[in-house]
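Each of the next two complexes has subunit A plus one more chain, namely subunit B in the first and subunit C in the second.
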Partner chain A sequence: MQTVETARADDDALTPPALKEGHSDWPSFKKFLGLFPLSTSMLVVGMALTLLVQSYVVFRELGHLFLVGTEWDPVYGSYGALPFLAGTLLTSVLALLLSLPLSMAMAILLGEYLRSGLFSSFLQGVLELLAGIPSIVYGFWGLMVLVPFVRVLQETVGAPTFGVSVMAASLLLAVMVTPYAASVGAEVLRLVPQDLKEAAYALGATRLEVLLGVSLPYARSGLFAGMMLSFGRALGETMAVTMVIGNANRLPTSVWEPASTMASVIANEFAEAVEEMHLLSLVALGFLLMVVTVAISLASKWIIQHLAGGEGR
Partner chain B sequence: MSLSFRKFLDRAFLLLLVLLFGVAAMFLLLLLGYVFVKGGGVVNLGFLTSMPKPVGEEGGGVLNGIVGSLLISFVGLLLAVPVGVLTGVFLAEFPGSRLSKLAALAIDVLQATPSIVIGILVYLWVVVPMRGFSGLSGAVALSLIMLPVVARSTEETVKMLPPSLKEAAYALGVPYHRIVLRVLLPSSFSGIATGVLLSLSRALGETAPILFTAFGSPYLVLNLLKPMAALPLIVFNYAKSPYEVWHQKAWGASLVLLVIVLVLNTTSKWVSNRWKVRF
Partner chain C sequence: MKGRMWRWVLCAVAVLTLSSMASAQVELLGAGATFPYPLYSKMFDAYTKQTGVKVNYQSIGSGGGIRQLLNRTIDFAGSDAIMKDEDMAKLPGGEGLHIPMALGAVVVAYNLPELGDARLKLTPDVIADIYLGKIRWWNDERIRKINPGVDVPARGIVVVHRSDGSGTTFIFTSYLSRVSKEWKEKVGAGTAVKWPVGVGGKGNEGVSGMVKQLPGAIGYMEFNYAKQNKIPVADVMNRKGKFVAPSVESVAAAADVEMPDHARVMIVDTEAEDGYPISGFTWIIVPKEQKYEGRTFERARALVDLLWWMLHDGQAFHRELDYGPITGVALKKAEALVKSIQYDGKPIIQ
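After this line comes the complex of A and B, so read on.
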């Protein structure tokens, strides 16, 4: 395996120059092929530039007020996005905390206890199904089943019984993002060298002690990367959140209240935005959302790759 | 700590893991159960083959949504597959080049971009210049969702091909473009097909990117320049309505959507096992 990959890594060097010259179409076809990655790259650069240019107007006109203003009222022309920034952060962090026990349990089961066999593929199947269900179906189910359940919870804690709330959104998101952290976690736990674990077993450690003392510390950066991946997913998730969060344009003061996220306010207001400033403010929200999710996802990818290429192998 | 206590902790922890797994499985079971039971009561041949009807009238279905979804994602595939596959081939063939590194980063960024942001972009790029919502803009939005999936799966499959395959072709004096088109691509067919099916299933379930591009329509539209219905949009609109009858329809549409997506996912797995070229 290793030799194959090294050979592939410098494929240009592998092909003797004489061969390349013998194939007169080599440079021209390489150029032709290169058009496609070039256009993909230009596309993405274009995306970022478009969003940046459009939202620049908002940042210039409103300045920091766009980020710290708490008033979002398009009718009166006030565009303070803090309620949505806070709503996004609150729902995603809560979702991450709620999903943590689930995703870590699945990761440990799949990566440590059940590496193969019937139950392992059953678990894998559950994760794949959870990841494959469209978010609109999650959202509708959440609205019909989860929201009434949250209403009962609100009654027990003595909060106003809206049903639709940050809590409903976070519960739904927690289930939706579990597969991402779980499958990355299982993968990195499988990378833990067997001899390290065997050494611990030889010292008389139980399975739990090996897990806590050897496997989890060894895999911690990978587990962390998986959580970040989940977090990024939760930040950008739109439809499911839009349907259960209640879409209130004010700063949330508790998790039992309705709120809005950046993604949900875009979904709700974009098609009806008549005022230019309203539309541009929503574009600017989209730009912020993209910057944050892309940064988080690239960072977690970097950690995972770093891990797979380095000590893990 | 005594040995028996440590053993007890060990057992208790495993029990906790299984319980937590049970919670996740229960969620899944509840979700699938609701969609299949509630949706199953609504979906029949008439539901699949008739048009939506106003509140109060009996019957009515989601034919426009099924046709719209299939049309938009098929056109999206036509846009995404050529660029995605050839980008993937380039990434696999010239992994060290600067262009590859740039494109790999671009693909990662595209994949991480929230789908609602893709919707905004296609609105600015296609809907505004065309002065109106259209099925075509929805297809463009979905193609941006598909592109990174197709490119990545192509890259990974082509990379896995043994070098001897290419060397044999070189030795026979085959021109480079024929090596790519007649050796590399056919040998990685199953991997590419798997990626295409997966991207199709992801795109079919997406709502956010088509919310203000394809927009939705109560009619059976085949003209790509007009606003077009799609199954996820139908679920969204019915779900928001206050009528119980329309919620029934939303369950039905959810079931149809879920079945399509699950069938595509299963097929993609089957394809990757069945048609894998082994070396």
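After this line comes the complex of A and C, so read on.
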């Protein structure tokens, strides 16, 4: 593929002097710009390496037991991360599923029907507000309002009425991550080309048919990207989750039980960990969380490319 | 005009620099337990007013305080937990002196609206079995037997514990290890343990918040938190068979026992007749040898003066804040410990 410079340099008489080979300072400027993405990626790799190097001892001593062990016992020195891995994935997936109807509805509303106007700007403002509320405030709200509500649900279902549970954390996370999928989804739906839709209308499609048959399939990859953004946020959320999840370092067997996530246990125990192994196990948990986040990020990128490619764009 | 202005600016800068240098007093740094924080902040405030020496204490938790002391970033650590021997060996002088500064009670609070004003009584084995998950209902026979005449409701027990590492947990689990063999084998004592059942709240605030919210909940916390939040607490049976309510007096009584010179002793399950069984010291830990990493004699002396003041004039603040004062045997041991702090091998005060 030809670069812009060489392609234009072919047409010598018409090329402005600044873009001619050997006459421009563009290449050195490009190199200078290149420093920034390079340093950012080095930062990420550096962070991962630091975590790995510090917690290497844990992986060497405990081996695979760290990943599949279910006992987290600082007194007797056994550290198994499975309960937290399960807790993290369970709450994040459940949060995504719970937020899906709400965020998709908002996206379609703002992207298709209410593209402009007072009410539309109001709704967009509300979404931005939701996204901007600090997570500890969400945590307090969750503890004061959501937990009693979940207790009522638990009474109805017949589960022990802790209130603080996987369900409470998932509901809270669902509220927190909805704005991300909703705004990205609305953006992408607005970008659906008018002529595609008009073509469908011309063939006699109803508004709903255009939405389901043209807009949504076209915006598929973008909607999925919005969902993955939500999912990523839910994976890493710490303070709000730790206040409503119940902090029980056990493998959760039902959504009505209290549990812990990797982020919440690090937040809870890091400041107080005096034992060397305890501290390093928490660092190892941090590394594990990073690995999980990166893996899901890469997987979703691949899926997005697949979805986008499938449309022949 | 411009030249004149610059001279004024230089003057102002010089004055500011000189004045800040003149008031460069020793500022002592401490960190650690959250339990004594209300007491310490009041004491240090009074100390600064009296002597001009500033004391900066950060309540990051007992474990955090010990870690910072081992990292030699602070002058003293506040802790409800006793340092391990291996950790103490890493301090200068090979020993960390645990100077008891106050007494506290870890109370067992509960949420049973049906009880009204009636006080619940609990025995050590019942508390241990509740926290082991063996007793799951409030109207269990064993609870009803020790509470005759109290209409205990048929509610499930919701166990609440700490999610973060804490000295309060250390005191409570030390007590449970003392009174229940099964607890000692299965769980043990520590600032963070593997709780068999229950939900975790972050900090004393988290536990008290949860107990207040969840009907049927039982949780352990520092006495102050239950008192301030008006959460009912249980009378606990001590070793002599008496049901004792937590108070400044019953906690002080619990400490009035024989103790070793190094004062590194857990006074849970006390022998004292009227003592509250889940009591504990909160210590200030300092390295025995103060000459390390370029510390000056002045700084070490300032630290020792502070500690001496805390044990004498400073004890005036305890009662109104519901902390047990250090008196009698404990005070003598504490004074001896402060006198044994050394600089370059020589005691700093006699």
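Going forward, the second predicted complex is superposed on the first by the 247 of 313 C-alpha atoms of A that agree within 3 Å, B and C clash if a C-alpha of one lies under 4 Å from a C-alpha of the other, contacts with A are read in each partner's own complex, and residues count from 1 in each chain.
Methods note: a residue touches a chain if its C-beta (ideal position, glycine included) is under 8 Å from a C-beta of that chain, and two chains touch if they have at least 3 such contacts.
Here the structure is a predicted model, which means the values were calculated and not measured.
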item: Which superposed partner A:L49 touches (first subunit B, second subunit C, both, neither); value: neither
item: Contacts of A:Y113 with subunit B and subunit C, given as first, second, both or neither; value: first
item: First, second, both or neither for A:D73, with subunit B first and subunit C second; value: second
item: Partner chain in contact with A:L143 - subunit B first, subunit C second, else both or neither; value: both
item: Subunit B versus subunit C as contact partner of A:G163, first or second or both or neither; value: second
item: First, second, both or neither for A:A271, with subunit B first and subunit C second; value: both
item: Subunit B versus subunit C as contact partner of A:A199, first or second or both or neither; value: neither
item: Subunit B versus subunit C as contact partner of A:V152, first or second or both or neither; value: neither
item: First, second, both or neither for A:P258, with subunit B first and subunit C second; value: second
item: Doubly contacted residues of subunit A, that is, touched by subunit B and again by subunit C; value: 143, 243, 271
item: Residue numbers on subunit A that touch subunit B, as the complex places them; value: 4, 7-12, 14-15, 19, 22-26, 29-30, 32-41, 43-45, 47-48, 50-51, 54, 101-102, 105-106, 108-109, 113, 123, 126, 128-130, 132-141, 143-145, 175, 178, 206-209, 211, 232, 235-239, 243, 263, 266-267, 270-271, 282-283, 286-287, 289-290, 293-294, 296-298, 301
item: Contacting residues of subunit A [partner subunit C, same complex]; value: 71-76, 143, 147-148, 151, 160-164, 242-243, 246-249, 258, 260, 264, 268-269, 271-274, 278
item: List of subunit B residues in touch with subunit A within their complex; value: 6-7, 9-10, 13-14, 16-18, 20-21, 23-25, 27-28, 30-32, 34-35, 82-83, 86-87, 89-91, 93-96, 99-100, 102-103, 105-117, 119-121, 123-125, 144, 147, 151, 159, 162-163, 170, 173, 175-177, 180, 201, 204-208, 211-212, 215, 232, 235-236, 239-240, 247, 250-251, 254, 257-258, 261-262, 265
item: Subunit C residues within the subunit A interface of the complex; value: 60-64, 66-67, 84, 87, 156, 158, 163-166, 187-195, 198-202, 206, 209-210, 213-214
